[in-house]
């Protein structure tokens, strides 16, 4: 059985400087309650790994606006002007990663791969500082695994074993981030007993999850 | 750009889409193509945040918080769509399973190089899924205004901004022209009905070859 | 709309020497109707990529017994004695691949990766002839993508767009093989209209599928 | 081996499994461990063909064609299990998410090397998921007879058969002994109640260090 707790309890072990993967795509499928709990806790110098910088008044975006993020690894920051400002002022380091490469790097960490070879980014700024590996006469960038101390995810339903179901386009990065972090906290609108989620619909297998929090966008 | 010119671009691109194809439309002007899909073909739209079967905007009050497009805006799903996670979504894009991607551009050049994700020191929104889409899709169509805000050509001999990808663009559609990228360079294939070959050539910094027959659209 | 056809029609383009991925795990989730159609068609010198060699009287196993397979790429051949015999006699070439590496190599082909780095197989026979790549001081085998001309898969339901749902443990290799082949034929117990399969339960997205055949283990 | 000795091995291994853990049991003797899981702990079983929550065999006539174990035999799923594809199943194994794997062996040696998938020219069933399991699982427990059919030790100074993996074995449980693999070599920790240190040492080709206190099981 996994720990069932409040958002405040779930984030209590997050220290200044921690790395956190945050599920969601433009805040759809993002753990808003956990983001608020982090904001309230006051931790800073965070490394956040997320598809995007969110919106200024929503989810992960609030942490960016509040200056809690030292390093942001994302594919897109255009919908949160504070992210661009802090990047230009040097207050926040931003590492822009192609979205598909971001997904593969996270999955690689979760799947125990030492890296993956991709043509995406060849001949662009993304190539800088990376090894190029040739296979069958074609060139690829060697992209390395991306792990974090925490994953903070959102789901529509989770059971006490940690199995979770994320509906529709809210699924996005949630399942792969669950694979690649030491502590995996799922904020679920409904917390149910084992067996209540159709086992063919589970898209975050229980094994990855350490904590379940009731709440979030549907809560 | 005036609405009728945006519609002209969208209609023209819609005619490029083959039957039984999967297409990804970028945020902004490319999205407009969805309104002009040919009714006699099965064309499914891919949304890189995680589904196939992107449908129109929902009626007001019927939005579903769990169903948005890649711009974060509420949308619907048509019958016969399916959801997946980001790894699968980009496996579809990067594995060569997407037939067409339609994207905007800041600059395109004679080699089919594309710059569309940043202006250093000024605008750095990030590439999102653009680098993956352009490298992975079977066909890359650029939907854009022919010139920038200052009236300068966006079709150049050589891109000056950081590239999104090298040599991946197949077709450029603007309010003035349809231009194909070939190994021999850019070929002007069609000119808008209210424009002329002369106007297109004068507003294009890159060298244009003429197609044997130049159509109208 | 995808082609809806019989098993016989679906295999008509398979020529001698073709490469075919076959879904299923010890025949659970394997396309038995398509295997029978291949047997009847009489094609030979096939390269089969499959988790295992099946059972002597079932699915892929029948093709092995009948001597139609020139090259078998699989993780396990122990339940079909004919496979071991033909390997030892030299009649059939067998390439044994660790099951997880097999899955990643197929997925890599489907996801456009040039290869993946894995520690599995280091210091074993699997290492032979492969490149070793070091990342952060750790050694990994570079495993390359695995593609085929055809994938022959099994599903419980498929719709006319090609979306398919494979239930329970029948899922196994079916979804990833769908990603990595030029022609993807799904044998489904039920063929339904688009929209009739819950879009969150689809585990073979329509885009990969080219042909749908009614039939199979539940048909 | 007599049934009671197989049960002894299974019971002993079951005691090694921690609370809230995910465990994969190999086909054959390791499967027997499932019958002796401690009732006061939450231990979920992983089946590498694609699910968590492996339950007992179904009653005759209640088999589900879509639900088998990694040996292809009909099984059931307990409430709270979940299904996934082979890529995810092995991501769980290879990504370090599996707490314990229990496997049989042909040979194990002083460095924790394991040979369990082939005898060249004789028996080549293939490694199945064994190479992935042994490299990926946090803890590798070997469940096997102490000696082979000819009475020769299966615990050697150095494996002679092709390896499944290098230096991955953590614990060896046989009908005679519990032996831990440490950086200093093999340590005899427990001896079966009907055996003796002398018998274990005489039937083990590898060098055994003695634990400070040798238990009984």
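Should a chain be cited, it is by its letter among A, B, C and D, assigned in written order, with residues numbered from 1 in that chain.
Rule of thumb we're sticking to: contacts are C-beta pairs under 8 Å (C-beta built on N, C-alpha and C of every residue); 3 or more make two chains touch, one makes a residue touch a chain.
Every value quoted in this text rests on a predicted model; they were computed, and no experiment measured them.
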item	value
For chain C and chain D, chains touching each	A
Pair exhibiting more inter-chain C-beta contacts, A-B or A-D	A-B
For chain B paired with chain D, centre-to-centre distance based on mean C-alpha positions, whole Å	55
Where chain A and chain B are represented by their mean Cα positions, the distance between them in whole Å	28
Centre-of-Cα separation between chain C and chain B, whole angstrom	35
Of all residues in chain A, the ones touching two or more other chains	104, 107, 111-113, 118-119, 167-168, 199-200, 203
Residue list for chain B, restricted to those that touch at least two other chains	51, 77, 83-84, 87, 90, 93-94, 136
Chain C residues within the chain D interface of the complex	25-29, 51-52, 55, 74-79, 84, 87-88, 94, 96, 98-104, 106-107, 118-126, 156, 167-176, 203, 217-218
Complex interface listing, chain A residues touching chain C	104, 108, 111-119, 133, 135-136, 138, 140, 142, 144, 165, 167-168, 199-201, 203
Complex contact set, residues of chain A against chain D	1-2, 107, 109-113, 159-161, 163, 179-180, 193-195, 197, 199-200, 202, 205-208
Contacting residues of chain B [partner chain C, same complex]	20, 22, 42, 44, 46, 51-53, 77-84, 87-88, 90-98, 136
Partner chain A, residues of chain B touching it in the complex	47-51, 64-68, 70-72, 77, 83-87, 89-90, 93-94, 121, 123-132, 135-136, 162-166
